[in-house]
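Below you will find the structure I want to go over with you.
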Amino acid sequence: MIALLIRDLRLAFRAGGGFGLGLGFFLILAVLVPLGVGPDPQTLGLIAPGILWVGALLACLLSLDRMFALDHEDGSLDLLATAPIPLEGVVAIKALAHWLTTCLPLALVAPVLGILLNLPGPGYLWLVLSLLLGTPALSMIGAFGAALTVGLKRGGLLLSLLVLPLYVPTLVFGAQSVTRAAQGLDPLTPILLMSGITAGSLALLPFAAAFALRINLR
Amino acid sequence: MELRVSDLAVARGGLPLIEGLSFAVSGGEALVLRGPNGSGKTTLLRTLAGLQPPLAGQISAPPEQMAYAAHADGLKSTLTVRENLRFWAAIHGQNGVDAAMAAMNLTDLADRQAQHLSAGQKRRLGLARLLVTGRWLWVLDEPTVSLDVASVALFGEVVRAHLARGGAALLATHIDLGLPEARILDLGPYKAEMPADLGFDEAFL
Amino acid sequence: MASLWEYANPVKFMQTSGWLMPVAAVLAAGMIAVGLVWGFFLTPDDFRQGSTVKIIFLHVPSALMAINAWAMMLVTSLIWLVRRHHVSALAAKAAAPIGATMTLIALITGAIWGQPMWGTWWAWDPRLTSFLILFLFYIGYIALWSAIEDPDTAADLTAVLCLVGSVFAVLSRYAALFWNQGLHQGASLSVAPGTRMDWSYKGPLYLCMVGFVMLFIALVLAGTRTEIRARRLRALLTRERAMG
Amino acid sequence: MMPDLGTYAAEVSLAYVVSLALIALLIGWVWARGRRMKRALDALETRLNRKQNGQV
Amino acid sequence: MIALLIRDLRLAFRAGGGFGLGLGFFLILAVLVPLGVGPDPQTLGLIAPGILWVGALLACLLSLDRMFALDHEDGSLDLLATAPIPLEGVVAIKALAHWLTTCLPLALVAPVLGILLNLPGPGYLWLVLSLLLGTPALSMIGAFGAALTVGLKRGGLLLSLLVLPLYVPTLVFGAQSVTRAAQGLDPLTPILLMSGITAGSLALLPFAAAFALRINLR
Amino acid sequence: MELRVSDLAVARGGLPLIEGLSFAVSGGEALVLRGPNGSGKTTLLRTLAGLQPPLAGQISAPPEQMAYAAHADGLKSTLTVRENLRFWAAIHGQNGVDAAMAAMNLTDLADRQAQHLSAGQKRRLGLARLLVTGRWLWVLDEPTVSLDVASVALFGEVVRAHLARGGAALLATHIDLGLPEARILDLGPYKAEMPADLGFDEAFL
């Protein structure tokens, strides 16, 4: 299991492995939105929490695209399925590797982009906190979606279609907590609800994803 | 240690391919499966390895005892030869990466990334993986594709050593494997017959 | 009495649905026609909403069916996963486009209603938002069905998606409620007994609601029959090819 | 016969037209697909039967 | 050449080929942004043109991901490169197929999403027009980016990173024209500039992309 | 019609593999390249097909006259056998899809999607593609991998017919191709020597 985690991390850090690209996407989105929307700081500050959360979500989404697909193509997934580790564990480890390589850096770099988007002062702390607590759910839900679409050519966009509605509650609570904090209101309720979703996803979705994987290998 | 398959039927894409197949392989034996293209060798091996359910019949050994090697080698192209092997060894809780590389003549290539290997070198690496699974039954789909004569001989020795250790091997192939002592099983007689009359229920498979 | 599971047998299902489907269809046509004509031509205008109140006869039944279609898919998906009756999986597949259309009708009639009532086609009201998300779930579900080649694989994967999706759809509903208090009517008008809605509205509304249920049943039966035939067609074709 | 719909005539009739059109489309799709599938299946079954009888 | 176009369109329409998924993504983005930003119609109307353009751009971007990658993986690209049609033509046709299957539907469905985002009245016409005139550039630039990244595993995100800066001028002018139209100003200047970019990209980039492809095949 | 290669050197990953290779193949001839794994056969064939530049030397025939078939078959998995062939025929401005399918015994599979073919069936389709390129020089990398005995014979006949039409073939392989009349060229003697001392300039190559 740990070997799998190490391998996935190593693959991500190797050339072409995709580490840092989620970050790049996040950064570019934070740049594009002001370009599209216009430079008025008032407006930008208003929409900053929402845009940052949506951006983090999309960056995360894009990079989970091929979480299992690459392993499927080169036959590793067949071999992992016949290896002496439970497929549920494989899924959980893959989600963890995804979170470590994609979501964690996003959460850490988000405050910098908050400055670009003119996020009001009290929002910063809660932005990082809500991303840290919310993105594990994104990785895990994404792993489930990736498991569903693993056998398909160009499954990438179908994956987005399946996964994005599942991201809605996390997004709403996460963005709400930041918005409320930015407006000086109490951000605790939404963040607790969001953590509940994260906990539930982590507990249940590995089984659903492993089931989907087994079906797809058949 | 024995694999006993009785009255097995397998299907692919909703189509029965092989029916009524029974055979046994015990430790120290190698069995070569032969059959024309599309006769269902790959499907059969995948079924044995537990990757798809059989249509009917029993398989005595659980998938946990088998090491399966498919048309694709399961290599990560940005990892080196050694890293690839080490990963699979760790997954199976085994050591012996260096011995495996030595056995398949990969020691010189140990630090080369898999994407920079030629077709035959990749295959050798795929076969070296078997040595670090620690499993007694090897289930191999056309293992010597792309191998040159020397490597085929090397492979033959590796299999023989595995058999000598009490292991067993089940191999599908079209070409000569350099294993004259292996029994040969032709899948021809087990080709599935189409049922003459299709009831509405059955047509659902 | 025969067990309910007997109807999970394709032959039995084809026989039963063969007469059940037309009956449901006739009932649906009759009830919807009477209900809508009654509603459109014979009801008075509301003192506050004017003639727009007539939209309710389409809006509420379709909204009802949008949710119930998903509920039915959830149940049939579970049956497929647990008991592996093919008819059940195919019924879920057949229900999805119908549910999606119902969702779309609810959304569109709501939007048209919103223009005179709220002065906007669309507002991010929680109920409207949850419906939009429901629509997305339908689209994803249909897309997954059509993307997967092997029918059993597709049935399994869409069933799992339906289960997980249902949980998240409910979560989204609560998230949306938390997020915005909203403009939409509560369930005060038709559901709660003894409220201010007059029988002149209730009559056609109930008729339309039952009519839509019948319409749904008829369409699901027809769709399932088609899916069963498609499945058999596929199986026969594979075998024919194999026989040469 | 047409009732007086007042200021909202356009909205109300639009709602009815769009909804009925969507329902009609749905019914048409289900029906057409059903017929296509039935035809294809019948054609195949007769073909298979003929083949089988020919062989026997 | 026409055979290639037909093949690509056919592949796109086949199960799992990805047609309509770009649309789905666009739709979902238009839903997510309000969920993140909050339901206030005023704010939404203000940012609608920018968000819609950014959304169209991202949908386009995601689907060009594997424009050449799939052909590379299965060896078709090697064979196409040795076939008796110029590689420039291959690139142009691939970009055209991408535009037809992804961008054209986006432009046509954009007004509906405009309603969701409360886009002010005069914006609708110019939204469609600017998308129709601007997206060919997006497809062509995307083809260039896809050609650059074709040999890489998980090139998807690197591709985004490379291509997004190239998309900036198109985005800025496109979004500007819609914003201006929505505010009742004259949208003609930005749209003309954007059309110029499109024309230039179409004329020059096939050569650059074909060059990149040749290098990558080596 | 002749392919004349003189003093060719090829490199892969910055490493010279083959040096000083000269040979000629003219219409009606087949030449089989042999060499151990990693000796540079694939690299050589890719160079001839114009996919990578040679390090040194001349190749008389331009890539436009060659039909190259690599380890990967260039098939679209969601297109049927016929659609795949038709596409390549259209690209090369040729007809004869049905004849090609008949020649490689694919007529029964014509409407099957490529993803539902077995390994050997895929390979047969890949080889059928050669027949619709209308090119006289076939450059084939391990063409009979995964083929059963009957298919190898079929392939032999197809190549023979191509030679009889005045075509030529250049094949890399480790196994028997069923073409006894083909000349054999062993790449062993042309293995590139490492230059003893690498000047700073050369080390850039």
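Going by the order they are written in, the chains are A, B, C, D, E and F; count residues from 1 in each one.
Keep in mind that, in the parts below, a residue touches a chain if its C-beta (ideal position, glycine included) is under 8 Å from a C-beta of that chain, and two chains touch if they have at least 3 such contacts.
It should be emphasised that the depicted structure is a prediction, and the values quoted were computed from it without experimental measurement.
The fewest steps needed to get from chain A to chain D, moving only between touching chains, is 2. Here the chain pair with the top count of touching C-beta pairs is A-E. Ranked by how far their CA centres sit from the centre of chain F, the chains are topped by C. Between chain D and chain F the centroid-to-centroid distance comes to 53 Å (mean Cα coordinates, whole Å). Chain centres here are Cα averages; for chain A and chain F they lie 45 Å apart. One simple way to say how far apart two chains are is to compare their mean CA positions; for chain D and chain E this gives 35 Å. Of all residues in chain F, those touching 2 or more other chains are 71, 77-78, listed in ascending order. Listed for chain C are residues 133, 136, 139-140, 143, 147-149, 179, 232, 236, each touching two or more other chains.
Within chain D, contacts with two or more other chains are made by residues 48. Interface residues of chain F facing chain B in the complex, by the touch rule stated above, are 13, 35-38, 42, 71, 116-121, 124, 142, 145-152, 174-175. On chain F, the positions that touch chain E within their shared complex are 49-53, 63-64, 66-68, 70-79, 83, 86-88, 90-93, 129. Partner chain E is touched in their complex by these residues of chain A: 16-18, 21-22, 24-25, 28-29, 32-33, 35-38, 43, 46-47, 49-51, 53-54, 57-58, 62-63, 65-66, 70, 73, 152-158, 160-161, 164-165, 167-168, 171-172, 175, 179. Across the interface of their complex, chain E is touched by residues 111, 120-125, 129, 132-133, 136, 139-140, 143, 146-149, 179-180 of chain C.
On the chain C side of its complex with chain A, the touching residues are 133, 136-137, 139-140, 143-144, 147-148, 153, 156-157, 160-161, 163-165, 168-169, 171-172, 174-176, 178-179.
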